[in-house]
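Below is one structure. I have some questions about it.
Chain naming follows the written order as A, B and C, and within any one chain the residues start at number 1.
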Amino acid sequence: MAARDIIGFCILIALVLVMPHVVGNDYYIGVLIFAAFNCMACIGLSLLMGYAGQISLGHGAFIAIGAYASGLLTTELGWSPWSAMAAGAFAAMAIAFIVGIPTLRLKGHYLAMATLGFASIIHIVAVAATDLTGGPAGVLNIPRLSLFGYPLDSDTRYYYFAWTAVVIGLYLAFNLIHSRVGRALRAIHGSEDAAGAAGINTAAYKVQVFVVSAAYASVSGSLYAYYVNYIDPGPFDVMHSVLLVTMVAVGGLHHVWGAVVGAVLLSLLPEVLSFTAGYLQVIGIQYRPDYDILVYGGILLVIMLFLPEGLFAGMIAGGKSVWNLVKRVIRGKQVVRE
Amino acid sequence: MEAGLTTDMLQFLFMGIQRGAIYAMVAMGFNMIYNATGIINFAQGEFVVLGGLMMVSMTMALNLSLVFAFMVSVAFVTVVGILMERLTINPVRRPTVLRLIIITIAVSILLKGAAMCFWGKGSHYMRHFTDAPPLEFMGAYILPQTLWIIGMLALVVIGYVAFFNYTMTGKCMRACAINRDAARLAGINDRRMVMLSFALSAAIGAIAGIIITPIIQMDYARGALLGLKGFGAAVVGGLGNSMGAVVAGLLLGIIEAGSGGYISSHYMDAIALVIMLGVLFVRPGGLFGSSEMVRLKEF
Amino acid sequence: MSGNNPILQLDGLRKVFGGVVALDGLCLSVGENTITSVIGPNGAGKTTVFNLITGYLAPSSGAMIYKNTRLQGTKPHTIALLGIGRTFQNVRIFPDMTVLENVMVGRHARSRAGVTVSAFLPAFLRPEEKRIQAEAGSWLDFVGLAEAADMPAGSLPLGKQRMLEVARALAIEPDLLLLDEPASGLNSRETIAMGDLIHRIRENRITVMLVEHDMELVMEVSDRVAVMNFGRLVAEGTPREVQEDPEVIAAYLGE
């Protein structure tokens, strides 16, 4: 693991430990918990988009699969929440395998549209298959998770749990990147032809990375289900999938940290916007939460046009410029002194 | 018993043609931009929505005549398409397909949000073009609006064929699509052709939205599903092949209407998408395209 | 014939693109441990041959036999596993990875760690990683790029990038190495170094086949030269024989 990544981990863990005390309010802790869910899904998506270079506009469907598996297997069949989560992940991976094999061979927008279509189908089924999924009313009374007998029944406990899960997910992702598999993925991204000539089965790896990303999404869906203890089709629509892609693109496609940055920022954005709405009201502009979507689209467009490597890469580049400037100033001072 | 079956089938056929014509037009829009740029324009569905909603405002709120409102609405959406190309596609210095697709996604989000802000979240009613009662044909009823839709589709197809085969500009666009560098060397302004492709796509999308709004009552959120099914039609017909798209669109609409009637109306939307996925998996070149072309990856 | 066992045999190889006949029944035999150059005017079909052998294109008809295995229908990565390595006409290194990492990618075929192991075990617990790194390092040494190991590959000048590509191809431990215009864009000093490298590769008992335009390099390095024109073999023999063949002269100068 690179030195930079270890520093990143330290910063992240420090922030995670500190935030509840800074924020102190259960509502905002809840916001941070949702940010963790988005982070988890975006880590997987970032592996797909950053390395295989493919877009999935259907990750909301994998989140839904994880959430519904968790919800239904526990309430209908009495499974333990952990087994249900594992089952959901396996189901998501299997479906990703089936969808991925034929489409990942083709040009990238085929996958984008295929995943979009797939997510739409899942959403339609979730709403229509009332017998199975509970339809628009959804699944209620999903049990809470317990960690070795210790029930996760308060926001603060779930906050630490969710973010621990994210840290574990990041650890796995970074391991993967700094491994033979990660090298193969980066090679595919660098030049598919050359990767093939080096013995890399590009088609198989793309499917593998798609499957891994589906697993991340599914786990995030399960964690969501065990937090709010009910699910309905509402949050799993196509818009959510697009939002995930937005988070990864805004944060930075080519670094997993970019996904973290993007997910956290865009998860906090609605709160920031409703906060500033108060100020806007003073000068006569009536801001409604409906306008959030305009802000998301605007941010995505501006980043894609002017900072296509994403905010994280921009931060690093900015940091380097500042550092170079500082070095030059110090050196300048030394010259003057001599 | 027999008469009932035929009547039902005819009814579904008419309904299918009505929906399918829209998918066909959306598919043509996708194909035009795809042929000119190699990208899929995710905002295509929003052109349809904007066309319909603008028409509603022109006719119902401003009480303009049908013809005038039609022209204003199409012009408005065409300008939106041109602005999209000029502001978000053209300036991109190092265009990778991935980046351009995300840009079109961003634009689609913005257009959808803008539609929501101006027209609200509700459905919008627009009166049918002609106030005649439904016509009867062998026991099945066909709305006059459906006849308008068929007529409009025919006009668009004729215009399309005429433009690309018999006008200089159309031939230039085809040249650009086949080999952009060669076209540029021959003096064709390829950037302008790209802008034109967006303009025409937007126009066709607007027309589709205008003619379907009286029947479905347009609302701001319809873009995604319409766009997706239109893309499905484009894929089934062979991406880039607009005549194939027309046939595929009509087929898709008819199958959708039929399955809505015979299987379940709840899953009707999903049927077209399942077909699209099926075609993608089995024969990605579509019914009329070639499989080898599809494997040649640039993305 | 060179007297060595043929490691690669092309028999009536034909490739048609739409209306264009790129290869028109090519018959060629490449002997083990030889250096064979394929030359010919542009458009003669030389790179097409490489793309067919390495599985990027499917032949319209004809056979390709490598060590008693038919190559048709095999995917590029499997062909690499069989022991055929290649470089590309327009250098395809991985610019965002370091020089060493580029060569480590070449070791992919000779290593095994999969997704599960890679995700759960940290790097220092994976002995295979150390082995890959060491092996890649030795190939870098072989081509003379050891000092550049940690530099981003995209920052190297073209001559070194071509060397890097060769190192990566060598890392798969091929028995047959296909070099597509390895001297293209190199100055005379770099070309001599490349020729030197090719000799050393042959000393390691690796058969080399190259497509090249640089005649000095071809004449200097090759055991056999095959001349192609219009998708067909026009002449084949030692460099001296080919140089004096009137058909070859006609092919290059036009009738």
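Quick notes on this one:
Everything below uses one rule, namely that contacts are C-beta pairs under 8 Å (C-beta built on N, C-alpha and C of every residue); 3 or more make two chains touch, one makes a residue touch a chain.
Everything numeric here is computed off the predicted structure, so don't read it as measured data.
By the touching criterion, once subunit A is set aside and every other chain stays in place, the chains split into these groups: B | C. When chain centres are set by their Cα atoms, the one at the greatest distance from subunit A is C.
Spacing of subunit A relative to subunit B, judged by their CA centroids, is 32 angstrom. One inter-chain figure worth recording: subunit A and subunit C are separated by 42 Å, centre to centre, where each centre is the mean of the chain's CA atoms.
Subunit B and subunit C have centres, each the mean of its CA atoms, that are 48 Å apart.
Among all residues of subunit B, none touch two or more other chains. Looking at the complex, you find that subunit A touches subunit C at residues 1, 172-173, 175-176, 178-184, 186-187, 190-191, 193-202, 208, 212. Taken in their complex, subunit B has these residues touching subunit A: 39-40, 88, 91-92, 94, 97-99, 101-103, 105-110, 112-114, 116-117, 121, 224-225, 228, 231-232, 235, 264, 266-267, 269-270, 273-274, 276-277, 280-282, 284, 294-295, 297-299. Here subunit A touches subunit B in the complex through residues 49, 53, 55, 57, 99, 102-103, 105-110, 112-114, 116-118, 120-121, 124-125, 127-128, 192, 238, 242, 245-246, 249, 253, 290-291, 293-294, 296-298, 300-301, 304-305, 308, going by the rule given at the top. By the touch criterion stated above, subunit C contacts subunit A in their complex at residues 54-56, 75-78, 80-81, 85-86, 88, 92-97, 101, 104-106, 108-109, 111, 113-115, 117-123, 126, 128-129, 132, 165, 168-169, 171-172.
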